[in-house]
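As written, the chains take the letters A, B, C and D, and residue 1 is the first residue of each chain.
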Amino acid sequence: MNSTSFFDLVASITERGRDLLARRLTAIDPEHNAKSLIELCEALLSERGEASGLAQAAEILERYLSLDEAERIALFTAFAEKFGPNRERLTKAAKAWLADPQHADAGDLHYYSESVRQELFRRLNRAPGGTHALVGMRADLITLLPQNKHLTPVDRDLAHLLAVWFNRGFLVLHRIDWSTPAIVLEKIIRYEAVHAIHDWADLRRRIDSLDRRCYGFFHPALIDEPLIFVEVALTEKMPAAIGPLLAEDRTVVPLEKARTAVFYSISTCQRGLAGISFGNFLIKQVVEELRRELPNLTTFVTLSPVPGFMQWLQTAENLPLTEEQRAILPSLKEPNWTEKPEEAEQLQKVIEPLAAYYFLKIKRPDGRPRDPVARFHLGNGARLEQIRWLGDRSPRSLSEGAGLMVNYLYDLDDIEKNHEAFVKTGEIITSSAIKKLLKSDPKPRPSTAALPQPRG
Amino acid sequence: MNSTSFFDLVASITERGRDLLARRLTAIDPEHNAKSLIELCEALLSERGEASGLAQAAEILERYLSLDEAERIALFTAFAEKFGPNRERLTKAAKAWLADPQHADAGDLHYYSESVRQELFRRLNRAPGGTHALVGMRADLITLLPQNKHLTPVDRDLAHLLAVWFNRGFLVLHRIDWSTPAIVLEKIIRYEAVHAIHDWADLRRRIDSLDRRCYGFFHPALIDEPLIFVEVALTEKMPAAIGPLLAEDRTVVPLEKARTAVFYSISTCQRGLAGISFGNFLIKQVVEELRRELPNLTTFVTLSPVPGFMQWLQTAENLPLTEEQRAILPSLKEPNWTEKPEEAEQLQKVIEPLAAYYFLKIKRPDGRPRDPVARFHLGNGARLEQIRWLGDRSPRSLSEGAGLMVNYLYDLDDIEKNHEAFVKTGEIITSSAIKKLLKSDPKPRPSTAALPQPRG
Amino acid sequence: MNSTSFFDLVASITERGRDLLARRLTAIDPEHNAKSLIELCEALLSERGEASGLAQAAEILERYLSLDEAERIALFTAFAEKFGPNRERLTKAAKAWLADPQHADAGDLHYYSESVRQELFRRLNRAPGGTHALVGMRADLITLLPQNKHLTPVDRDLAHLLAVWFNRGFLVLHRIDWSTPAIVLEKIIRYEAVHAIHDWADLRRRIDSLDRRCYGFFHPALIDEPLIFVEVALTEKMPAAIGPLLAEDRTVVPLEKARTAVFYSISTCQRGLAGISFGNFLIKQVVEELRRELPNLTTFVTLSPVPGFMQWLQTAENLPLTEEQRAILPSLKEPNWTEKPEEAEQLQKVIEPLAAYYFLKIKRPDGRPRDPVARFHLGNGARLEQIRWLGDRSPRSLSEGAGLMVNYLYDLDDIEKNHEAFVKTGEIITSSAIKKLLKSDPKPRPSTAALPQPRG
Amino acid sequence: MNSTSFFDLVASITERGRDLLARRLTAIDPEHNAKSLIELCEALLSERGEASGLAQAAEILERYLSLDEAERIALFTAFAEKFGPNRERLTKAAKAWLADPQHADAGDLHYYSESVRQELFRRLNRAPGGTHALVGMRADLITLLPQNKHLTPVDRDLAHLLAVWFNRGFLVLHRIDWSTPAIVLEKIIRYEAVHAIHDWADLRRRIDSLDRRCYGFFHPALIDEPLIFVEVALTEKMPAAIGPLLAEDRTVVPLEKARTAVFYSISTCQRGLAGISFGNFLIKQVVEELRRELPNLTTFVTLSPVPGFMQWLQTAENLPLTEEQRAILPSLKEPNWTEKPEEAEQLQKVIEPLAAYYFLKIKRPDGRPRDPVARFHLGNGARLEQIRWLGDRSPRSLSEGAGLMVNYLYDLDDIEKNHEAFVKTGEIITSSAIKKLLKSDPKPRPSTAALPQPRG
C-alpha cells in the first residue's frame, strides 16, 4: 500500500482549486498581505466545497510563510478579534443557561462559545503539510505573545487543538540510530538542548555505539519531525559525571556487563507544541523497551542538570549557612575555581548540603520544587537519588548549576507510589544519602543573597 | 524504525499500572459494572499520573466491552449527567460574559462549558487501541440514541472529538488490491453496502482484475480499518447497467482501451464515524490518482442507485401524470414485470420522466434534492448525466428504486462551478438528455399517491 | 526508498528494446514457436548489449508461456543438444588436463565444460519476473523428465543454478498471519500438502488464533511466493491426534498455559525448487523464534503422518508376526474398521509394534529409514518420540499410514548430537516407549506380504 | 511481516551450534590461525547438519577477519591447493569425454571439475552477513593477487559465484536522498570516486536539492551497501564544466525549466565485486526513471573526465602535430597555466584536436578506445558529443586529463543502434563538432613523446 502518493494527490487537487481561486483573488490588493490573508480565511470558512477549500487552505499556509512580523501580528490580531465566537448566539445561549442552569444543555453554550478560529485551524489542517504549518504558526505566536497579550485567546485555541491532535494515543515511539533517515538525524543534532551535539561524528558516537540508545516520539502526520527524544547510555554503575560518558575515547561497555540505563538528555523539538507534555510518557516507554531488549538491566536513572540552582543561590534569602560558609560562596564566581583543589573542596562541603536544601525545601507557591528538572522527574515518580559534585564542568553548567548534576532514579516498583505521594502531598521521595546531606545543614539563619546578582 | 513495538510497550506499561489498580479496585462491587466503571472514570479524571492513567483507560475500555445494553445506557447516562461541565465556574463565566460581552474573553466561557467527558474521552484515547474503542463506543451510542434522547449531549461531544481527530489532514489513501492484508480485505467484504460481495472469489474479481480498482481512506491509529472505500471499474464507455459490470464471465477491458472510470460503489465502514464526511474528498483524490496512472481516461462517472425513488412514488401527491399513465404504475408491484417486455416498455415511458421529475423538482425543506445519493454527488460538483432504465435488476434495487440507476458525471473542469451553483442557489446541473425527459412530462396534476403504501 | 519502481523501470527498458527486436523478428516464422524461441535464445547469448538483452529475455519468457507440451519438449531438447558446452575448447582442455593433471588448472576444464545454457538461464533471470519464470520452467521440466530422459542435463544445470540462487543466506523468514497479503495467503491454501485447508475461514482458524502460528521462507526476488511453510499449534501437552487440533469448535489455549509447540504441517510450495532443501533450516529457526516470543514453551514436537507404512506393509516379506497376528491384518482393509472397537483394539496391538519395527528396522540401501518423513526429522536431529494410534482418521491417512501419526521431538540440547549420530552411524534416537514396543515383537519369521496388494 | 528478525534468529541458531563447536575446537592450536581455519573449512564441507554448519560458517567468517596478511595468503593458498576439484573423479570423467565426446555428458565433466571451494563459499554464504563477508574476502584477494598469481583460480571461482549471486535480476534501484538512512549516506560520501564529497553539508547539496538526484543499485542481502551509484544534476542546457555545477552558491534550477539530466559522477562501491558490471544497466534505468518523473527532460548526457589522456600524451609517438604545435605542449606542465589566458588559448587549439584524435583513433589491441570512460559510455550506446576545454580545473583533472571533460549523449532512440555498431565494428558514433575537430588535425607525423615522462 502506497501512502506517499497522498500528498501528491492533495497537491494536484489544490492545484486545480487554485486556478479557480486565482481568478477570484485578483481583486485583492497584493500590498496588504495580512488583509488579503484574512479575506482568504473568511472565504475558507464560508466555503463548503472541499476542493476549493483545500486549495484555499494551502494558499493561506503558503502565503503565511512570507509574512513579516508586523503582518503576522496583524493576522493574529484579526484571529483574536474577528474570528472569535458568534456573539449573538452566545449571548442568547448564556442567558438561557443562567435562566435554567440545572436543565439547559451546557453543550449549546460550549459549542456557541467556540471561536470561529478553531474551525479555521481545523480547515487549514486539511491541506498537505497543514499540521506542520500549524505547529510552526503556534511557535510564531508564542514568540509574539509576551509583547502582544491580546493574542492569548488565539494561542489558547491553537494550543487546545494541538493538544487534542497530539494526544499520546496517536504518538509512535521510534528508535533513532544510524539507520534512521538523515532528515530526522539532522533534527536530533539541531534540537539537542542539554549537551550539544557538535557534528555528525559526534551524533554517531551517541546513537551508533553498542552501549548507546536514542528514542523519540513521532506523530504520523509529521513523520520527519521528532517531537521529543531521549538519549541513553548503558553503563555498569550509576554515573557521577557527564564528561566520561561523552568522551570521544571512552571504552564501549559490552552489553553483557551493562546493568544501568542512564537517561542523560531529554530534548523537546517543537516549540509550537510547548505546554503539551510527552516526556514522562516517553521515559516510561523507553524503560519498558530497554527492559525487554536487555533483561539484565537493573537500574534506570538520569544524569540531570540543575539549571536553576545558581539563580536561586544568587537571590535566595535566609540561606542555612554559617557566616564562615557564606564567605566561601563568592569563590563560585571566580574563573577556574574547579581547577583549584582546595577551593573546590571547601565549596563542595557548602554546596552539596545547600543543593539538598534547594531540592527538598525550596518550593514554588503551588508547593512543587522550584527546580524545573526536579519537578519533571519527581512528578514522573522518580526518586531524588544522588547529587553529583562537579558532574558537569562545562561553562554553562557551572554558571547555571554550579557544575552540579543529579541522578533521579526510576524504580519501576515505586514509580506509582512516588508519583501519587508527590502529586497528593508534595512529598519528595529521596535517598538516605541526600537526607543525610540535609541534616548536615546548620539551621537556616537570616542572610542576604549570598552572591552578587548579575546585572542585565 | 519499528513502530509496531509501540503497542506492546504500552501494553506492558498498563500491565504494571494495572497491578496497582487491582489492589485499589477490590473494594468495587463487581456486580455493578456500570457503577464501578463510572468510579473508574472518575479516578481516571482525577489522576494526574500517566502510567496508572494508561492502565485505568485500558481497564475502562476493556470492561466497557462486557457491558450489556442496560449497563451501557447507565454508563452513558452518567456521562450525560455527571460528566458535564463544571456548573459553578460556568455560571460565573456566563455572568461575566453577559456583563461585558464586548470585552470579556469568550474563551473562558468556552473552556468552562466544556464537559468533563471530553477530557475523559481524550484520556481514554491514550490507551492502546483507544481510538478504535471510542469509535465503537460511538456506534453503540448511535444505536441507543433514538430511545434515549437524553444521551444526545454525550453523542455531540464524542462526535465532535472524533471529527477533530479524523480531520482529513490525517487520513491516508491506500489502494486496496490482492496485495492488501487479509485483515483489511475481510472488512471490505463485510462493509460493502451497495452491491454485496459474496465471498473471497467475488472480492478478488473486484480488486484483482486489470480493469478494476479499489481505494480507501485510513487513519494512522486504525491501520487495519478502512474508513470509507470506493470500487471502480474501468470501461470503454459510460455503463448503463451494473449486471454486466459485475458478471463473473465478463471480458476484462485492456487498459489501453479504457476511457471511463466508473465509481460503482462507495461504502462507509465505521458506524461510529457517522456524520463525519470523507466521501467527496475520496472521490476527488481517486480521480486524480487514476488520471495520473492512466492518462487516457477521459470520463469519470458513477453508476449509482436511486434508493428513495419508490418510497417517494408511493407517498407522492400531485404526480405529473395522466390518468392513463397512472394506471400503469401498479405494474411495478407485480412480480417479474421486468421479464414482460410489453409492460416494461410501457413502464419505462412513464418512469423515466418521473425520475427526472424526482431528481430535479422534488426537494427537501432546505432546498436540496430529496434523493440522498443525488445530494451527495451533486453536492460534490458532479452533473446528473443519465438515468438508466433497469440498470439494476436485483430485488433490492427493484423495490427501492424501480431498478433505476443513474450516472453522475465528474467533469474536473466544472466540479467547482457546479458545486458552487448547487451550494449557493440549489441549482442542479444536468445533461440535456435529462432536461428533455423532464419536458416530456405532462403538467403535474392533482393525484393521490400512485401506489398502495406498504403497511408496516 | 521506493523499490517497487524497479519493475516498472525494467518494463519500460524492455519495451524500448522490444521495438528494436520487433523489427528484427519479422523474419522468424511465427508458426514454429520453439524454433523461433531457440533463435531468440541464440540472439540473447550472442548479444552483449544490456537493453536489447533485457527485452529479448522478457520476450523469451513471455513466449515460453504460450508453448504447448510438444513445443516445450522441442525447446528443452534444443537446450540439451545445442546449448551444451563448447566441445572444441572442452576437448582441448580435457587433453591438457590429462597430460598434466597435477599442475594444469582444473578451472579451465570447469569453465569450458559449463554448458552455454547456464549463461542463457542467467541472462533470462535479468528480465523482470525472471526468477519466477525460471522456477516455473524447472517445474515443467520435472514433469517432462520421466518421459524425456535426454533432458536430464538441462534439469541438472537449471537445478544447480536455482540452488545457488536460493542459497539460504538469501532467504527471509516471515510470520504468516491475518495481516499477511491475500496474494500470499491464497498460496498457503493452495500449497498446504498435509492437512488440506478448505477455504478462507479454515485458513483463518489456522493462522489467526492466539494459539496458532505459521511461518514461511521467502526469497527477495519472489516476495509473493512462499517457498516452504510450517503450521504450528500451541498446546499444553504433546498431542496424540490431529482431529482435535483442527476441530472448528476447539477451545483456544491461553498463551500462559501453552508449554508445547506442535509442528503439524510442513509444505513446500515450489515444484520448480524440488531437491533444494529448506525444511530443516525452517524448523530450527521457528523453534528459536517461538522460544523468544514465548519463553514458557518447553517442548517442540511434530505431529507427523506415516505416509509409507501401508505400502510397506502390503509388500513386506518376513513380517515379525505370529500367524494369529497376521490373520488380523486384513481388517485394515475393511471399511469403517475404526468404528468397531474390538477390531480396532486387536489391530492396535499388532500395528503399533509393527510401526516401531518399520521405523527402526526397515532401511533403504543407504542405511536410512524407509519412511521419508522419518528421514527428514531424524536427519534434522529430532527424536522418534511417540507413535499415535489413530492419530489421523482421514481416509487418506488410513489408506497410506493405517491412521498412524508420530511425534518427533526437537530437543534443542540434543539436536546436534542426534543429527551427528544419525548421519554418521545411521543410529535412530528414539524414546524408551518405542523401544519397548519393538521388544514386544515376536521374532520375525518368514511370511509373505501380509495384505493383498493393490492392483493398478 | 517482520524480516529483520531473520538475522537475530540465525544468530541464535549459530550461538547454539557454536557451543558444540567450542568443545570440538579446543584441540586446534590457537597459534596457527590459518591452519585451524582450514580445518574448520574442511569440517564445514564434511558436515551435513545445518545448525552446526551455520555455526561453523559464522565462526570461519569471524575468525577470518582477525587474520593478518600472511595468514590470509596461507588460507587462500590452501583454497587454491587443497580445495580444488576431486582429481580422481575428474580424470575419469575427462577420459570418458575424450573417448566419446559426441555422446558423453559434458555435465559430468563440469560438475566433477567444480572445485570444492565453490561449495565452501556457498556454505559460508548461509551464515548471517555471509554475502557481505564474501565480498570483503574477494576484495582482500584482489589486493593480494598481483603478488600471488597462484591464487588466480580462487579469485576466478569466487568472482564467478558473486557474479551469479549479483545477477541484475536481483538488484533493486533506490533513490538516495535526504530521507535515506545515514548508514547508506556515509557510504556515498566514502565511495564517491570522481568528485569527492567533503562532508555532510556537501553531500546534502548533492542529494537534497530540487535539481539534484542520486540513484543506486542495492542487493537484498546487502541492504545497507550501495553497489554503484550515479549523481545527476538537472540543468537547462548541456553543461560545459563541473565547477559551476557543484558550486556552493549556484542557483537552483526550477524543475519546470530543467530540460537536461547530467550524469556527472558514477562510482562503484564494492571492490570485491570488481569485474561484475552494473553501470550500463544503472544509467538506462535512471534515464527511464527521470523521464517518467520529469517528462520535459529531453537530453540525457554525462559530464565525464578523461582520465587517461595525459598518460597517453606523455608516451604517445607519432602525434599528429606540427613542430610548432608540439612546442606548445610543455606548457601543460607549468604550474598555473590555466590562469594565463594566452598560453591557455594556444594550448586549447592544440589539445582539443588531439583529444578528438585520442578518442577516435587511439585503440587498444581489441579495437576498443584506449580511454576507459569512453569505452564504458560508448559501449552503452552513448554518442561522443562534446569535448569541454577546462571543464574541470581541479589538480587531479589537470594532471590526468589536461582539465578536459567530455559530454557523452544518451539518445534513447539511438542507444541500441550505437551500441551494436560499437560492439560489432568498433565504430565510434560522434557528433559533427568532434569530427570537425579531428579534420582540423594536421596529418600525423613522426614525433617522439611530446612531454617528458614522469619519473617514479
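Some notes on this structure:
Throughout what follows, contacts are C-beta pairs under 8 Å (C-beta built on N, C-alpha and C of every residue); 3 or more make two chains touch, one makes a residue touch a chain.
This is a predicted model, so every value here is computed, not measured.
Shared contact partners of subunit B and subunit C do not exist in this assembly. Work out the mean CA point of subunit A and of subunit C, and you get 57 Å between them. Between subunit A and subunit D, the centres computed from C-alpha atoms are 49 Å apart.
The distance from the centre of subunit C to the centre of subunit D, each centre being the mean of the chain's C-alpha atoms, comes to 39 Å.
Among the residues of subunit B, those in touch with two or more other chains are 2, 179-180. Remark: the chains found to touch one another pair up as A-B, A-D, B-C, C-D.
Contact residues of subunit B toward subunit C in the complex are 178-183, 185, 199-200, 204, 224. Interface residues of subunit C, counted against subunit D in their complex, comprise 1-3, 5-6, 8-10, 12-13, 16-17, 20, 48-52, 84-85, 87, 90-91, 94-95, 97-98, 101, 105-107, 109-111, 113-115, 122, 125-128, 130-131, 153, 156-157, 160-161, 164-165, 167-176, 179-180, 220-221, 280-281, 284-285, 288-289, 292, 380-381, 412, 415-416, 419-420, 423.
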